[in-house]
Amino acid sequence: MTERLWSGTAKLDPRVEKLTVGDDPRLDVALVPFDALGSVAHAVMLSEIGLLTEAECRQLCTGLWRIAQEASAGDFAIDPSQEDCHTAIEQRLTAEFGDAGRRIHTGRSRNDQVLAAIRLWAREQLVALGEQVLELVEALRLRADEFKEVSLPGYTHTRQAMPATLGFYLAAHAEGLLDDLRWLETAFAHVNRSPLGSAAGFGVALPLDRARVAHLLAFDGVQNNTLAVQNDRGKSEALVLAVVAATATDLGRLASDLIWFSSDELGYVQLSPQVTTGSSIMPQKRNPDVLEIVRASATRLRSLQHEVANIYGALPSGYHRDLQLTKRPLLEGMRSLSDLLGAMTAVIESCAADPERARTAIKPETAATDALCADIRDGTPFRTAYRRIAEAPGQAYRGEVSESWRERMHAGSPAQLNLDEIVERAKKEADALRERKARLTAVWRWFEEMAT
Amino acid sequence: MTERLWSGTAKLDPRVEKLTVGDDPRLDVALVPFDALGSVAHAVMLSEIGLLTEAECRQLCTGLWRIAQEASAGDFAIDPSQEDCHTAIEQRLTAEFGDAGRRIHTGRSRNDQVLAAIRLWAREQLVALGEQVLELVEALRLRADEFKEVSLPGYTHTRQAMPATLGFYLAAHAEGLLDDLRWLETAFAHVNRSPLGSAAGFGVALPLDRARVAHLLAFDGVQNNTLAVQNDRGKSEALVLAVVAATATDLGRLASDLIWFSSDELGYVQLSPQVTTGSSIMPQKRNPDVLEIVRASATRLRSLQHEVANIYGALPSGYHRDLQLTKRPLLEGMRSLSDLLGAMTAVIESCAADPERARTAIKPETAATDALCADIRDGTPFRTAYRRIAEAPGQAYRGEVSESWRERMHAGSPAQLNLDEIVERAKKEADALRERKARLTAVWRWFEEMAT
Amino acid sequence: MTERLWSGTAKLDPRVEKLTVGDDPRLDVALVPFDALGSVAHAVMLSEIGLLTEAECRQLCTGLWRIAQEASAGDFAIDPSQEDCHTAIEQRLTAEFGDAGRRIHTGRSRNDQVLAAIRLWAREQLVALGEQVLELVEALRLRADEFKEVSLPGYTHTRQAMPATLGFYLAAHAEGLLDDLRWLETAFAHVNRSPLGSAAGFGVALPLDRARVAHLLAFDGVQNNTLAVQNDRGKSEALVLAVVAATATDLGRLASDLIWFSSDELGYVQLSPQVTTGSSIMPQKRNPDVLEIVRASATRLRSLQHEVANIYGALPSGYHRDLQLTKRPLLEGMRSLSDLLGAMTAVIESCAADPERARTAIKPETAATDALCADIRDGTPFRTAYRRIAEAPGQAYRGEVSESWRERMHAGSPAQLNLDEIVERAKKEADALRERKARLTAVWRWFEEMAT
Amino acid sequence: MTERLWSGTAKLDPRVEKLTVGDDPRLDVALVPFDALGSVAHAVMLSEIGLLTEAECRQLCTGLWRIAQEASAGDFAIDPSQEDCHTAIEQRLTAEFGDAGRRIHTGRSRNDQVLAAIRLWAREQLVALGEQVLELVEALRLRADEFKEVSLPGYTHTRQAMPATLGFYLAAHAEGLLDDLRWLETAFAHVNRSPLGSAAGFGVALPLDRARVAHLLAFDGVQNNTLAVQNDRGKSEALVLAVVAATATDLGRLASDLIWFSSDELGYVQLSPQVTTGSSIMPQKRNPDVLEIVRASATRLRSLQHEVANIYGALPSGYHRDLQLTKRPLLEGMRSLSDLLGAMTAVIESCAADPERARTAIKPETAATDALCADIRDGTPFRTAYRRIAEAPGQAYRGEVSESWRERMHAGSPAQLNLDEIVERAKKEADALRERKARLTAVWRWFEEMAT
């Protein structure tokens, strides 16, 4: 079981082998079902163009399905001596079926094979992340609605600025996340193109039907130039991670808001004991560890993005082994965002508000700008009113300060949240995701059918 | 002329003032026409809702147009004591028109004002960058067509891999750049939303018609939640720069290919003397400095993106002065990409090929994989053929090695470049850009009309 | 005046020239005196080995001193057509002295010339930064002493943890900055080696006395291998910036503490009106803009460091034009740290404490750990005491909660600040800096003497 | 075995727990012996000040030594429910010894406990890395000596510049690595200070003898201010990683040189088959994968450094859970550098030169600068000679071009490598490392003695 896919008689220096094998045996486990899926489509096409017999094709379909099932159940291990999942799968198929296994690599290189596996994996993750984002958007919208009349000080520069509401803050985060979905879609479109047939980057002297494979795998089409396909390695990972990191950063900023709003000194929000942790030395402590980890994880995801960008950005065209190091950041990065979304949804669903503390924290001078607007409505030029009120901003507002936000009624203001717009945008996104997911599910069903 | 927009009697410590004023007076010069444009739309809306008289509105339109004209001609300076363009413009209008000037800030903060100016500026840059990308794509396609039969060794791992052509390489870069355009569009859609009316992030107690302003400025719509608008500061800059950096990185990799292909040892490509520079000590030298600067500038742009992401990512909701530091990276980053695109177009348009050197550099064993495919076509299983040929790869191919790429005829291979697909994709993008540009031009025409 | 130092007849494409000239004419102005200094030492050595006549040497010394003086007075401009300061200086000397000017580049390349200028500049900056750090350390120590009995809540996780003092916080920052000085020294030792004689990286066929030049310039010695010298380009900039960024980050964290401690809700510290700024729309606002800029600037400096590291890290040995892009980050980065140190010193010197607010903010349960220690002193095992007190942490402490920190008396605790240790460490650093500065000053005096 | 160290009755939401436990159970295994070591010193001091009985102290010493032994043998597992090694160790000691175990946390927080474990671990790694650097320096020096007359073209801008030798290149890398050792020493001095006694950052109300613990653990002293200790978390990791990354980057550049020098087109160096790998599709391929992984790993290490810097840089003073995310980068980063050093040593030790290919590759015009120096020696002014030779640089040199480097005889030139200086510098470093290692070994011996 330990023969590598490449020729060569010398034994690798162990100091070198440690580095070249690296993490792949561990990381690749997640890719096995996707590599199997890509291989099935490739095999079906090979049989259609006469490079596999029908019997061989059937063998491979059955064998690959079995491998995919085992891998999903955690029963398919990759030995370090096999280097990666591609070798492990080919060796297993060869052991089981002989020549059929020896033909599975026909017209392929590990270069396009891993690209296919990663793209098939990534597009499903992108759909799943989209769904999780929508879950959190919905959680935020519900709490925004619930807390839309909970007055609190609105802040700029970590200083009280103007009265606002807790619902207004939460709705802002919901909208920010909806923006991220547009980028997730662009990322999906970028990766959902078939790399198969590019081989080592220069194509092969075989009449591959690349469009057919793309169709079978529900790709939006073929990525044409076979070198462009290889040049997309690293680039697509970096672009996907840019979107992943931007989304995580939105979570990190939500976490920062909550850390501060739930602090001893502000206390506008109360975190559930189910999401806070304690100290080993200070008996009284309840800490927002989860929010701090979300915040720091966002920094980490930005770093993974930058790392991948700098790895591929230093290279000329074509495959270089440097690109191997883009796999782990992608896999860990996308999984991390999924964890962060889950945790933030738990935090939002379980948090409570303290309307009394929030309301009484508002300082009178924060209504100065609303007072200023009254002067403007009465005809005073803005700058004139500003200078007058600046002299005694705390006395300027004549109404109930903590309710002054109710006077701001144009679109998007605290008194006019337009939560329906969030519902509408979310619905549109959910529809698109559902349609996409259906297409991806159909591919797996087809795989299963081919195997039986 | 030196009164600031904010109240306060204390004189700033000069060590502090140096830092808080920073680069703005210099940087903002480019934003003046866009700030004026945003202000005109705002003024027109204010007059429509009765907060400006028609006469005041007319004064402001005229004054702002004049300012925009002066700024475009390089005749509008911002004094450090004025801090930024917003102050400089308001002071000028107040000096000229009195109360009309004092009313221009009605319902606005510098926070949403600068956001508007930056978005108006950035969307035009995005269109211009799109056009420049298409120019370079066209230059690459033309040379790809010209050099599509120039055989050279194709590389992986900086090692000869399989015979390919120079045209194939150039076409790969053209396709990569076309992919970038999709991201530039997403960036355009992200920024082309009106922030006006968000004020300091909490709206104002005035009946602003935000949709009207958005319409006048040809934004795709209003960005709703006024805090979400402020939270987009930094985030949109980072996302735009992610796309800018990805595009620059594609240029950097093209530069790397050319540096190597034009080296003394390879010499497949000859750079024009118009694009190479010399040494102060070595009389014989001609160096590809421009390509090295492109490569390093791509690294810089990735860094600017990451910098902005880390600046805004460390903050809670709402405006913080940290965000001021996202302006310069955006402005310098977008301008830098424009310079890089211009330089690379110059390089591509002027380079030459040396078909003889390129052809003779190809080593016989690089055709081993094509020989292997012949075996496969004859029925040998892939892995069996691989192991057989591995024993003497240099003798495996029976034809003219440097032409072996002609046998690879599936889509996207060296023998099947599909340059028409590039033409088609480019045309679609050009149409979209033209439409967009027309809308933006119309806004400036409207501004001019309002002023006269 | 527009002849470049390198040969070549073709006119550069303007799109390329824009990129290759870049910022140098503007940036290099600061380097002129240092380039002149390096050139003088080189000239003296050349005359000693017989490659310059004594008369020529005297001409060059006089001419270079004049140039250095003009540059320091802001009267030496570099034309874009001259590309950089080295060309500008050589052309000026040639215009003035003929062959003496034509000989100044003897045995040099711009590669080692700019390295020398940058190192001479950077070592003076490092000394100046060290002095500024010590100024801030002293300011912090003085305030720490003044506020060493101002009780406030100590925080972990942005939550009240244990009672502490404002002086304790400020002293912690002073100690952190003293740690940075050790790194600044290592940076100084790294750059204070003579690169001269490395030429383009391969030495020259002339009997240069490299040690003599190193001695004249008060370098600690010669950096030996001439290729190692070139390979240090980028590397030394990145290492210096790593230290610069770490120091800036310490300032950024001090800024974060002050932003929070001076917030509306905490108010333990009051920032002077001389360091806070206002809002264009909210008349009541006083914002800690300067602290936010310090915080974001630290992020920027970390980014500049990483940028430089990624630029040089992508390259093989020897000079590449990519390295040109490491100059601006170094210059801007070191200057920025100087500005940040100045501003933070201003903030610290002018801030005030509000002991009453700080004391009353302390929550009773923060003394739980001090209560726990009493139990331990009485013989209860730690974990047993912890679990008992956890049941009612707010009632556990029997004394005055806000004074509980006085019971923590081991070294480094709030009740035992050891400010003398800060004084002592600072003194040692100041002595080392003074000695270093004297050596550097002596070099300039020698330059002046040589010129007269 | 599953009780956490902190109080609290609520069950954590599983989505939150996944995040807060994170990688610690896996990562901490390496820290167990170091945590045990720190605990022993702490226990001995506690007994000396009367907070532990002698019997309890003996129990703890024995128990901790057993734990350290088990952990070193891979037999000490940390259950996810235990969160980290500190909890696992305390629970084990309590199960075994009752109250003695309940007292081990006396006067400590996990905050200072983990700091101690990490510093004790890191300082040993720093010494080991220093030794590995010296091994590679020695390998480079030996090959430099062996190849010091192997002529090859010296390069700037990836273009032939001046004749040089392979030995000259290798010696340059040896010198660069020696420079890194200075920084590794500064890193050692930075981390080799005792954090114990800082507890949660505010000290404890117990008469801890911090100096005694520092002495027992062979720290250079106590880090004084207890908040400064906590503020060093993240900062010290970032500074250590800055040095680690700089060293890795030197390896990456050596790798880049070798990739290029061993390419099909240059072939000056031959990589051993024991360090190269093959392709899954191209039978003829031998790729320098290991060098590409070194290059990309250096990029990754720079990224880890920047990640850690951005995580801690965004925080105010005191512990925040964000800092948890600095542990993995430090551990993985230092281990990675160790792997890279091992692999590069293997590559250098096994590589061969092809003197004939290297010599014949040199182009005649590369000797133009040496020809120019001859003119200078004859009295022609540099710039005059430069312009004359520029007209026909290929004909300028009158001797054997590939030997022209022999004329460059000043210090550090190809003809004057000064390899003895490398020997001398290496010896000094080796002595320092040996002394340091002896001190650290003595501490472990003391631990063993205390346990028996």
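To keep things simple, chains are lettered A, B, C and D as they appear, and every chain counts its residues starting from 1.
Everything that follows uses one rule, which is that a contact is a pair of C-beta atoms (placed from the backbone, for glycine too) under 8 Å apart; a residue touches a chain by one contact, two chains touch by 3 or more.
Please read all numbers here as calculations on a predicted model, not as lab measurements.
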Chain B against chain A, contact positions shared by both copies (same if over half, else different): same
Comparison of A-D and B-D (more C-beta pairs in contact): A-D
Chain B and chain D: spacing of chain centres that average the CA atoms, whole Å: 38
Centre-to-centre distance between chain B and chain A (centres being mean Cα positions), rounded to whole Å: 24
Between chain D and chain A, distance of the C-alpha-averaged centres to the nearest whole Å: 32
Set of chain A residues in contact with two or more other chains: 7, 105, 111, 156-158, 161-162, 199-200, 204, 260, 279, 281-283, 285-289, 292, 299, 302, 306, 310, 313-314, 320-321, 369, 386-387, 390
Overall pattern in which the protein chains touch one another (line/ring/star/complete/other): complete
For the chain B and chain D complex, residues of the former touching the latter: 153, 156-162, 259-260, 263-266, 279, 281-289, 292, 306, 310, 313-314, 361, 363, 365-366, 368-369, 372, 386-387, 389-390, 393-394, 396
Residues of chain A touching chain B in the complex: 7, 51, 90, 94, 99, 101-107, 111, 154-158, 161-164, 168-169, 171-173, 175-176, 179, 182-183, 186, 189-190, 197-211, 222-232, 235, 238-239, 242, 245-246, 249-250, 252-253, 256-257, 260, 298-299, 302, 305-306, 309-310, 312-321, 369-370, 373-374, 376-377, 381-384, 386-387, 390, 404-405, 407-418, 421
List of chain B residues in touch with chain C within their complex: 4-13, 15-16, 18-20, 22, 86-87, 105, 108-111, 199-200, 204, 272-283, 285-290, 292-297, 299-300, 302-304, 306-307, 310-311, 314, 320-325, 339-340, 342-343, 345-347, 350
